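Could you have a look at this structure, given as structure tokens, before my questions?
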Amino acid sequence: MGGLKTEEFIVNMGPQHPSTHGVCRLMLTMDGEIVKKIEPVIGYLHRALEKICENRTYAQCIPISDRFEYVTAMSCNQVFSMAAERLAGIEIPERAEYIRVIMLELNRIASHLIFYGVTAMDIGALTPFLYGLREREAIIDLFEMTCGQRLTYNYIRPGGVSKDLPKEFVPQCRSTIAMIKEKLNDYEGLLNENPIWLARTKGVGYLDPKLAIAYGVSGPVLRASGVDYDIRRDDPYSIYDRFDWKVCTRPNGDTYDRYLIRLDEIKQSIKIIEQALDGLPEGNIKAKVSPNFKPPAGENYARVENSRGELGTYMQSTGEKKPLRVKMRGGSFCQLQALPHFGTECFIADLVAIFASLDIILPEVDR
Amino acid sequence: MGIYKDIKNLILGMRITGKHLGRHAITIQYPEEKWTMPERSRGVVVLLSDKETGDLNCTGCLLCMKACPSAAIRIDAPRDPETKKRTLLSFSVDNTHCCFCGLCEEACNFCAIKMAGNYEMSVEDKDTLVWDMNKLQEMGRDVPYVDTRKKKVPKPKPTAESKTPAEPKPSAEPEQKIQPKSENKNDNENKDTKDEE
Amino acid sequence: MTKEQLQTAITEKLGDKMTLLDTGRHDLMYEVKRENLLEVCKTLKDDESLAFDYYLNSHGVDTKEKFEVVYNLASIIHKTRIDFKVILPYDSAEIESVQTIWPGANWFEREMWELYGINVLNHDNLTRFLLADDWDKGFPMRKDWDAPGFIRMPEL
Amino acid sequence: MNGIIAFGELHGVFAWLYDLLASTGLSQPWLDVVRYTVLGAMMFVVLALIALFLVWWERKIAGHIQQRFGPMRNGWHGWYQTIADAVKLLQKEDILVDARDKMVFFWAPVLCFVVAFLAYIAIPFGEGLIVADLNIGILYIIAITTFTSISLLMAGWGSNNKYALLGGMRSAAQAVSYEVPLVASILVIILFVGSLSMVDIVNAQSGFMYNWFIFRVPFGPIAFVTYIIAATAEANRTPFDIPEAEQELVAGYNVEYSGMKFAMFFLAEFVNGFTVSAIAVTLFLGGWHGPLDGSFLPSWVWFFLKTFAVVFLLMMFRWTYPRLRVDQLMEFAWKFLVPVTFANLILGAIIKYAGWYW
């Protein structure tokens, strides 16, 4: 049998493919079912957001930042506003800080719910996707009640937040959080100990911590490889140091741990939101900042921990009302760059599972 | 032994999906049942008109045009030199450009523009999405809004166009209202004096 | 490890090569000459007291009269953060690749080359990956870039 | 059933029809030709309707499992949604890839469609309701149902598409490795019936419910469970639907098919699901026998009730479990199912020899 001539063939996974989240093409060199080499081809979703931002005032940059990473648009607003506030030296009122933390953590839960549904669907279980989206709808209704939009919120502004919480927000938020905490048992029962799920995800796509750090991988993917690094605690921003919550890490860095860590993070976010809701102070919600304010010359790289890792914005201003340079750094960009180095020598079914577990979305990669 | 744990978990999975089989479905049948949008939901941009006189609140101050990040609003409101008043000729919103961010609503001091909750805008021909003043006014006819303009005591003879909405010397600006410091020097339109300052 | 300790550690290890700028808000912003870039990066990464092993981001900036290449780094062990920039004149806009020190820099430098035209020396895969394959209208992120059909935001 | 027409039994009706036909005076061979063409056409219409119903039923169950309604638009709760889909697929353009292997590409759906219906010749729907009571019934059915994997391989190769090729290869590997446990779990039953004919198998389970082979502890339940697992693999249903794994291989073997050809594959898949459940009911759940001796419902109603129960079980699998990987699937078959079924066979033989069965 040794003399059988076999040759590798190239398969295009994408750009129109059911399991690439957004438009991304992976050129796979395959030997039968085994993936030998991956070469990501990106740029299908490049909208030159950074060039657009250079032509807008700081307040007008916020709707652009929503489109940078639309699954967790709140964290994009937050990172843009933080960069602008640091440039202009604006202090945010107490109540705005609390509202921001509540909104950011709600958005993280909503993003992890999408992750849960999409990863399960990519590995074949079609029902968890609908359960995940059902809970997410409850959170999206909270967002729509406060800022009016369901996906691109344009809610967190340099200087605070744009509108105050409506009266019925806090009770509805508490009931939503309680409902999600109770629904998590359904999620875990459905998949966590399922032998087929374990067979498909345990030990698949091992990401070595050193490789992760070398390629700038961040967020839950990094923590699932055992590296205890979370920007909310290590490069503190906003008022996360007032709440007691734990940075959860998982030791062995395979797809199963990347899945479990996101369920842990949902629980931690629920804890943060409950404490933030209890401590919500009164007061105004926005520092007095005119829409086209002019920050003094300077530059700054603001970082936020969102559900896909570190979301960074470098902003340089020269005293005019439009930023000179805005650079957006998303977590998925580095994870997609690291994928060819740890996603090979596996079946195509495993590659789909690894790609889903990295929770890569393409607007963040192509900007 | 492993096999019992596996079978137990497989049955647990079936129990969870079976449990949902009995529950009532939570989706609504769209065209028949419609979702009631919350009060603040940012749907389509409309122009509001005064409750009594019925004509537009808009005074043509161009603040919303400046605030719009995607240049969706086009206003033609020339200022006739002697009365220093702007008369609004045309106001059009290009819904293909509008990104529904709500910045125009926040920039307006005269409750003239609002994002109503209506989201059904599907059309066959893209050009019909560029709405002119009448369409915007008619869309905004029944949109409820809180009139926060400071009513000027109507002068004995009401001037031809709508009442001058704000006194020359506005009292202390409320906290939320954003100070329209629009000293944009490179205003290539005709010299825009500091209106309402 | 507080900012001051970091600052003293840097001046002690790389005093002459890294000059502190005052434009950095909230983090330390240094300036590095182009010729000793690789040496600075190596010491930043390998020195235990600095240990900047976590490469966050690098990108180009076009300030209308010169290019700047800004690097943002972080240290996982000491939980510190630092930025530094390299000034490049318009005519000779090229810089060595730091990809051998931090493998994560590969795509960032590739993007900088594609959008700014800053040539990156001995980079292993300097090809186009964000813009269209047949893109021939120059480097879009430059301030002086213009192309037919590029509609600017109307100046109001 | 000596000729008295019990309430609702249909075999009397067929006997009367045959006498009517015989009275027309045709010679015997012509009589058989007409008889079997009419029976074949009737069988095809009944099964096509069942398949259409199954498609609709699966979409409704999937909907309600996922807390949504499923098809609601066409007719009350969307009852003619599948018919609308069939008509849509009928008039859809049939896109043919130029680089295809013409003969193989054309005949693959035809083979898959025809084979799916051929298995029903030997399946008894009720008392006397069987097209041809072959004395090698179950052997014929097993032989015929393996043809579907050949047609998937042909589809995979014929459409000259890398994804389809992968799908085809997977279906071949899966069919081969799940045929062995399927047959081994059936052999245990044949051991106790002594004849391959399906009617004899059902008659061996007559009487009260505990006579059904599923309740013949210890070999019955084991055989039933292994049969159901191997059958879901044969019918290409989750968690073994790797030949047509949407998330990995876009659409597996039927990636290049559109219009009526795709409808054939789609319908054949559901008919296979029904075949597999029908065999499970005939072998393990007492065919057309009701739970009590001489029950009140007509026999074919019992058969359909039980078969739809097994189909419901297969559907619950599909909407609960993720999908296995190719090598795990093979490993599970060879390292777990085959030893278990062979051990079960030996256990059955010992019980038969020692006579501890009822």
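We just call them A, B, C and D in the order they show up, numbering each chain from 1.
Note that contacts are C-beta pairs under 8 Å (C-beta built on N, C-alpha and C of every residue); 3 or more make two chains touch, one makes a residue touch a chain.
Just so it is clear, the model here is predicted, and its values are computed rather than measured.
Enquirer: Central chain, going by Cα centroids?
Expert: Central chain is A.
Enquirer: Which chain has its C-alpha centroid farthest away from the centroid of chain D?
Expert: Result for the farthest chain: C.
Enquirer: Between chain A and chain B, what's the gap in Å when you average each chain's C-alpha atoms?
Expert: 29
Enquirer: What whole-number Å value describes the gap between the mean CA coordinates of chain C and chain D?
Expert: Computed value for the inter-centroid distance: 64 Å.
Enquirer: Report the inter-chain centroid distance for chain A and chain C in whole angstrom, where each centroid is the mean of the CA atoms.
Expert: A distance of 24 Å separates the two centres.
Enquirer: If you average the CA atoms of chain A and of chain D, how many Å lie between those two points?
Expert: 45
Enquirer: At least two other chains touched by the same residue of chain C: list those residues.
Expert: If we look for residues of chain C contacting two or more partner chains, we find 153.
Enquirer: On chain B, where are the residues touching two or more other chains?
Expert: 10, 13, 16-17, 20, 26, 66, 184
Enquirer: So which bits of chain A are touching at least two other chains?
Expert: Expected reply: 56, 127, 131, 134, 190-191, 194.
Enquirer: Given the complex with chain A, which residues does chain C contribute to the contact?
Expert: 23-27, 29, 53-57, 59, 61-63, 70, 72, 74, 76, 79, 81, 83, 102-104, 106-107, 129-132, 140-141, 152-153
Enquirer: Would you pull the chain A residues touching chain B in the complex into a rising list?
Expert: 56, 59-64, 66, 127, 131, 134, 141, 144-149, 152, 154, 162-163, 166, 186, 189-191, 193-195, 284, 286, 288, 290-292
Enquirer: Going by the contact rule set out above, which residues of chain D touch chain A in the complex?
Expert: 62, 65-68, 162-163, 166, 169, 238-239, 241-242, 245-250, 318-328
Enquirer: List the residues on chain D that touch chain B in their complex, please.
Expert: 61, 63-69, 72, 316, 319-321
Enquirer: Can you list the residues on chain B that touch chain D in the complex?
Expert: Listed in rising order, the residues of chain B that touch chain D are 10, 13-14, 16-18, 20-21, 23-27, 29.
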